[in-house]
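The data blocks that follow each hold one structure.
Each of the next two complexes has chain A plus one more chain, namely chain B in the first and chain C in the second.
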Partner chain A sequence: MAKKKTLKQQDFQKKKLKVGKAKQGPSNLTDTSFVAKTILLPNQTKLSSAERSSGTRKSGQQELEQSVIKRLSLCKHHSAITRKETLVHFKQQVPKIAHSGCMTQIMHACYPMMCDDDRQVREALLEMIDEVGQYNCDVLRLNCRAFVLFLSSAMTHILSPVQRDCGKFLACGLKYFADELTRNSWIKLLRGMFGVLGWPLKAESPERNGNGNNGNRQPKKSVSMAISSASVVNMNSARAKHARAINIDALHLLIKCGCLELVMRDDPQPDEHSAAAHNKYLIPECPQPYEHLKIFAREIQDLDDINQSASSLQDLVSVSFQDASSRRKVVLHYFYDDIMSQVATLIADGGESGKSANSLKLLMDEVQVRESESEQQV
Partner chain B sequence: MGADSIPVSKIANLLESTSGYEFQAVLQSLTDAQYVNQQLLKSELFILVNRVLKLLRSGDDYLLWKGCNVILVLCAYNPVILCAHADVFLKELYLKLEKKVEYYSSSVSSEQGRIVLTNLVHTVGYLIDLIRGKPAVTREVLTPKLSAIIPTFIKLSQYEPRLCLPFLKKLLYKNTNTFRPFVNKLYNVLVILLTKDYQSFDVATKRLICDTFAYTHLIKLNPQTKNSSSGHHSVRKDEQYRHGLLLVLSQIRPLITLCGELFDFSADFEMERLVASLPDYQGENFNSVGFFEALDVDMNKPFTLWRISERLDVLNNLIISFCSLATPFAIRVPIGGISKVIQALLNLSVDYLPLKRGLRRDAELLSVIENLSSKMQHEGVKLFQNLAPIYGRCLIPFYPELLGSLELIVPTRKGSTNVDFQRVKKIRPALKDVFELLSHILPAMGRFFDDGSLAPKLVDVALHFTKSMNLTLSLLSGIDQSDKKGGSNKKDKKSNKRLTGSMSDVFSHPEAFTIENSFEFYAFINEFLTTMIRHKSIPSNHHVKITRYAIQNATVLNEQLNYVPASFRDLLRALVLCPGSERCSILPMAVSLLKKTGDELYGVICNPRLPLGVVHSIAPAQLPEYAEDQSLEDNNASSTNESLSLEETTEVPATEQNGGPDATPATSHSQCEIIETHVETQEESIENELSKHRDKIFKRRSSDADIKTEEVSVKVAKVARDYDVLEEIVSEQIDNGAEDTIAERAVFVEQQTERREADGDSDSDFEIPEIVLEEDDGEDEE
Partner chain C sequence: MAKRSRASILPSNVILLQNLVKRDPESYREEFLQQYSHYGSLRDIFMLNAVENEANDASATAQFVELIGFVSQVCSCFPEETANFPNELKQLVLEHHKTLPFEVREKIITSLTMLRNKGILSPETLIQTMFPLLIAYSTQSNALASNSHARELRKLIYGTLVSLLKSCNTGSKNQKLNRSTQSLCFNLLEQPDAQGMWPARLTRELWRRGIWDDSRAVEIMTQASLHDDVKVACSGIMFFLGADREREENFEENSDDEDGFDMTALKHKMQVNKKSSKRGKKLDMALKTLKKKSNEKSNPGQNFLNFSAIHLLRDPQGFAEKLFAKHLSSKNSARFNLDQKIALLQLLSRLIGTHKLIVLGVYTFFLKYLTPKQRDVTKIMAAAAQASHELVPPETIFVMVRKIADEFVSDGVASEVAAAGLNTIREICSRAPLAMDETLLQDLTEYKGSKAKGVSMAAKSLISLYREVAPDMLKRKDRGKTAAMELQSAQRQGRDFERPQFGIENSVQGIAGIELLAKWKKENEEGNEAGEEADDNNWEVAENESEENDSDEGDWVVMEDDKEYDVDMGVSDDEKNPDSEERAQPKAMSSEEAFVELASNRILTPADFAKLQELRTEQGVARLMGNRNEETVDSDRLVGPVKHKNTKEERLQSVLEGREGREKFGSRKGRREAARSTTNREKERRKNYVMMIHKRSVKGKQKMSLRDRQKLLKAHTTKQKKRGH
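Moving on, here comes the complex of A and B:
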């Protein structure tokens, strides 16, 4: 029998631990567990449309817009067929609603489908973007950042089919708003395309001894998921090769638009976007003309560069590439060697990829010529 | 003596007793032109002069002081007194001065004595200046006395260089011959000042000493021993002067060679070549015995290394004086040698020159060497900076090398070309001088020089400087490592507290420890950035950074001060006018920032308008062809095919029909919008349309064409449907400017006139109605 303990000693007694049972918690323990539940209401419309329906008269246009908005939630449907149908429906509606205000919402809802698993959904999205571009490419320009965001997430996606389709989206984007794309996200897109094509970048490795030439050390390669073990089996399939040719073409187009200052489309309309007609003191044609100045954005400032950045290319992410000259310089400095080495092997292989690779090689030579010309001019 | 002015005798009586306000009033009244009267000489003015002399001869300091001032005022404003009595005045003043100088230490023991001495010297100096231009007075008064005055001045300048040297300098320059016997003495005095006490003087005095030293070389001291072989060559006037300059210049080479003990010049072939080619005038006819003593530098005592840069500072100032002073004869300056010196100094950079192998690598020595090298580079920049304004154009052939060396002054991180901002802070004064230098030479350089990475680096540095310095940064960043110690005892904590004081402020209020930049500094940086933007094509990244800096700071300052400082206004203007590779200029932002004060430049860009007189001055005879050309040009612009069809050419008149009543010259944008709309073709003849709207077309054309031919060509571009010929011409028009646009238009007009005639439309319908400009102007302004 235990001795009877005084009150004071009882305070300091510890409970015995029992085998197989958890330790007893302190007496002031608060239980913070909770149960979460979700409710799906598939038949309810979006709340925002309720505001619009409060108007007395609805024109046909407004009805159309509302019906389109109602369908936006279908973009996240679990069934791929539903998603595809939604996209096709949107594409059909585009001619009528291309200039309306709901286009931004639609684009924001549709862009995530660039990373969609299903191939048909992606194809439908591509066609829809193409259609939108033909009727109103300003919407695309306005949402350029969202486009780049999802495109770059697609470029680094773990599923290789998603990666392979990037080139098509990039080409489509370049067709309609090459100016914005190249100005705002030059490095990002270039690196992304290199990742998609599976080409390693020497410049990715951190420079420790500071020599630009890393020939002596093994560079840390930027591994692209396109050559992950799961997809090694179908690396040489016809589809993969075709996709590779398309991606090389997309890279070719990207470099051409960025470095050679060409106009993309020949408009039947008066060419408002060409540099010739563009007067810098008139009201600007492009949306958000001062976005690149980042006046209201707070940038993370490294404290007097105490920490050196991981790679030299990482430094360049914060550099703005508004003029073609600096874009050319970056391409020639960081990417040229890698491109040339990869392209040589591809040309030797021949086929579709070989042809695209060859045109890319010629393009790079032209860029070099153009850069040396512009240097002489200056 | 008129009724207005105070009688002179009364003033004379007053002089001894007045003081303070009364004295000032008396002095003012003495400037009266009434007193310039030769008849007064014998009587009134004689009394006055005697009184003044009495003041001078008295022993009282205050009376002496009054006397000096009265003399100055009288002589300055009264030529009669000057010519008649300057002799006496000068003699008395000189006597007093001599006495004061002889007992120098007692004269300056009190503040009063010092002031009196200063006053005396000034008075003598100014009196000499006043006498100088007048030949008769000079001959009689000055020349005999100068030989007495000058030695006194020289003697005094030993103690009071700041006081005496300006006058000595002037005397050397203007009265060179009179000075000749005394120049050696002055030379010795200056040598002592240069070698012993130079660094204890302020900047102005240092400059004075060097200037006077340079001027002592105006006088030929030692006649050159002429060689029999070269005796027939005439001796140039600047021989002595040049001799002095070369002597100083050749002192620099040993200094840099001394630095070769610290740095390993053999590692850099260029540097070796440069050092070998530094000016060294050891040839014949040259006594290169310098007056500087040998430097005493000991590597075991690293701080003695600073004597090198101290010596270099003196030599630098001497060179600048020699090269920048006005001389009565032309001088031959060895620009090439000086440029080599600048380059050699700039190349002493720790980043690019390795240290010598055998050096002891301890922290003290290394840090002093780094410090020394940045000081030497600064000296190089100073030399460049002072010579560039004077010899700017002559230095242009050397610019590529000089600017290449200038790039080395920006410290870079080890192994890369990125700027090392921590070291940049240390050499802030040097970089400030670099900015000033570049602001000066950039406008003259043009686009021929491609100095690669100098411009972007300096822009980065400049923008870095604009951020306020936070002194506690290093403390804050190290905070993670220091507080990992375990808990300490109470005793330890107390002793720690005593040692460290109250450091909590550093961590809780780091913003209280920042050093803000002054306005002048901002103005400085802005001037540099403005010059950079105007005259260099900088990469877009830096352009964007500058734009952002300008807009943010201008906005902040506008809110705080209610106006935008002038330097920011200039920077904004430069950014608006030179938008670089941006798609659209920051004109709207600049206009809204400067709304209160307004800016004429933006006014002209936003609302282009004709000056009022121009419209009325067009001669009537010129009108018909002009109108015809314009109307044809309208048709040409609207032509869709090379083969004209009448229907299509009606588009433009139709659009202008829409745009005519509404369009004003200013709203080019609305014009463009109107033209974009698709217009149905019309069956009517063009002529009717044109004749209806002739006036309006002509009005608009005339105003547009004069001011903004660009706008017209923009309109042309927008009206033109995709046709290669037109597009090319349009793009050329935009690029080339007004003259070319008219030329192109004329060419096009000629082509089209042929076709128009082929159409068979007669010219009868093209009769231009009389244009009455006044009425139209009134309509136009509505």
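Moving on, here comes the complex of A and C:
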């Protein structure tokens, strides 16, 4: 009996406080300590608008740049609307910060959105690039390599809407820095556009690898479906048809810029300030004798390059073409037949894309004439 | 239906496309090329970002990882287009391993492994990729970088390497690959930093699995043991000390899975229990496992040459000398802690004992550590005993024996200490009998009368050792009957009793194990008269047949439940227990005598050799079942049998064990067997006396005569006793 009492009492006994010892915790205390190498605290900072706080110690320009840089992380935001609004915000700020140092950061953050799933985001990005090009196209020229990388990534994207919008981006790029684009990534872009349009390239079929410079091409032996996902989708919707016309136009523009040596930019008075700042870092206008060495580019080296003759199209992807005549030769050798055969069917179909196809056909004829002229000169 | 057909044409994700491409590569070539070029563009993006040290976002990483997996899965369908793909992966992971995200690195490594499994990548290339990565991830700067996951990656790469070498060596050994890998290991071990850990670990693992079992692997570990880095050196040393046991355990585990045979328990029982008839069964069991092992050996798939690593050394003398000079005697020895030093000493002494090497510096080195207060002194003593053998000059060992005798064996020390000292001296002297002085021996044998059991046992074992080796060194009363008689006869004939001398070898001649055969013959002579006649038949016995006989013995025997069997226990025991007979005739035949006896009488037939093999196997079983291995000294045994006082819990437990299944003792007073109410009689008895005092029955008692009252009282008490109240 006595024992039972003591057992019961134990629960209600008051713990005695002792001098020099920490207070004892209750029996139901839960240990919440843990060990971790790094602790990440997710938090959000409220962005204050730059205009309001201007006039303090920092100059207004610096404040502006700071606020823009703070917003860069929003480019990776999970919500499409936020991404779009960020881009719109950037576009509004571009006139003020076009010549500041943060532009490269902005462009690097924004280019990945070429592959964005959301159509509105892509449209906003296009508008923003256009805006940047209007105010300071040297920024675009500097980041040409990144532009091409993400553009080619978008061209081969598995979602066809992303692919379809590539023509717009390409056209936009050609508008501002056609020279860099055509010189450095001529074949890459041509192949990409072929992929977007869903046109099969005979030059890539395995049969051609052996006899690269054969004039009369053999028909493909393998039974390929010859209809890629992009082309199937293209045939179906009205929007896709419209996109196809735009893409053909972009291809037209690309070949025109590359082969006919037209200067697209119409900037009669180059900005003095920017020329002084950037010209020494830029590739000069004249053809580069050492460009093909690719000293400053990081790419996978093809170990088998030495063994093979560099005739197949695969090998030419990493080669840069500095002058228009070599670009012409490549186009005529590898792409001419495919273009002509595809264009013929499109013209027969008519419509919006038929018109674009017709103009492309005329361009190809002109290119051929130009090439034969230059050959006669030699 | 329409939807389904569209889905089969238009893949919307990479996994679906992978399925379609695998089924019909030709039709989906365009799609594959599109994804391949997407992979290419993503790769370029990653490389660009790697240069600029910019973090990629999660979705791009996931996409890239997915695509790498996809391309490596289907690239066997398009060998021409993807000829450069493995090289690209290799280059990517080798050059940008610092900057790529963890997921991408992991995926690249697993993809490379997969490509190797598909035969697209050669194993040499994979190893050349993995080794630099392994080294890169174990350097400090990389491992400490945040989010590098270096530990996981090291684990992954190491596992890949091991499984690669395993898969390349199943069936026939891929010597070319092994050699190139081993040369990589050698190169790594030549550098003085801690990177030598990896080759050491790899070799240990592969040795344990029986994949590498040649002298080159042992040579790698030799290099590792002589490495400057303490960790690497210890890894090498532990390999030599424990590698063989590890390997055996590895194989034993496999066999345990099959029949649940517990070898360790059997060993323990053999050590502790008395010898009984049950032992025969256990012997059979052990025999079976031994046979199973030999069968496994004869399998073509797994023919391991089961040499121990120490036997495969190319230059044991050089190795032992370098080990001693570099790690123990020089200034470097301060780098090792005591446990590591003990391991070093164990290895060194094993080497010396096994190969009969001469490293004279060791014996004086031991002196420093041979004191009773030294931690782990039994291990050091065991090492000291192992390090002595008969080719070492006795003076060098005697210094050690003297030291042990002075430090350990005196009246002022605890009995365990004295027992350990005496046992160690016995072990040393059994290996090098000349390292003993006559006076010292006679002093030591005085301890046979010690009250402590361990001490007296140790002293007696020393006596019995010298009775065989050099009885004239003992005191007269200790010599024993046979030795004393031999000595006397030698004196009578006027010649000296021959003592063993340094430098005179007494090695085994003739056929190993022939004394066993001779004994067996002698036993069977009486029962088997016809043996001589069947002699001719014995010549035709082939080796295979004897093996068949073996397997026949091990077959299952059906014992039915309700039948009765005549079991002659005595006979079967005699047949199956050669040990018991050995005890019956105390003096075993020496091999020389046996050889003379057998070889002079008859010519050995193949059947005899088969029997000889069998007998030797039996002896092997005995060794397997816990009898001591001659080469190594067990440090736990040196102390002798120690009886610890039980704690209170242990005592209480044993008491409670004894009470199980037993009725309680003690008085049964006041206890009822069955539940019931009180009887009238009991009520009467418990009734208050005052109420009864005036009743006639009570009053009448007072008027009784003294004698009657006495009678009544006596009867009453006896009755009460009988009833149990």
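Definition applied: the second predicted complex is superposed on the first by the 249 of 378 C-alpha atoms of A that agree within 3 Å, B and C clash if a C-alpha of one lies under 4 Å from a C-alpha of the other, contacts with A are read in each partner's own complex, and residues count from 1 in each chain.
By definition in this document, a residue touches a chain if its C-beta (ideal position, glycine included) is under 8 Å from a C-beta of that chain, and two chains touch if they have at least 3 such contacts.
Fair warning: this is a prediction, and the values are worked out from it, not measured in the lab.
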| item | value |
| --- | --- |
| Partner chain in contact with A:D323 - chain B first, chain C second, else both or neither | first |
| Which of chain B and chain C A:F12 touches, first, second, both or neither | neither |
| Partner chain(s) touched by A:F34 [first = chain B, second = chain C, both, neither] | neither |
| Common interface residues of chain A - those touching chain B in one complex and chain C in the other | 209, 303-304 |
| Complex contacts: residues of chain C adjacent to chain A | 9-14, 17, 26-31, 33-35, 37-38, 40-45, 47-48, 50-52, 54, 57, 60, 80-81, 83-84, 87-88, 91-92, 146-147 |
| Chain A to chain B touching residues, read off their complex | 179, 207, 209-211, 266-272, 276-284, 286, 289-290, 292-295, 303-306, 319-326, 375, 378 |
| Chain C-facing residues of chain A, complex | 38, 76, 108, 112, 145-146, 149-150, 152-153, 155-159, 191-192, 195, 200, 204, 206, 209, 222-226, 228-229, 232-233, 298-304 |
| Complex interface listing, chain B residues touching chain A | 413-416, 418, 421-422, 447, 450, 473, 477, 537, 539-541, 543-544, 547-548, 551-552, 579-587, 589, 605, 668-669, 672, 676, 710-711, 714, 717-722, 727, 730-731, 734 |
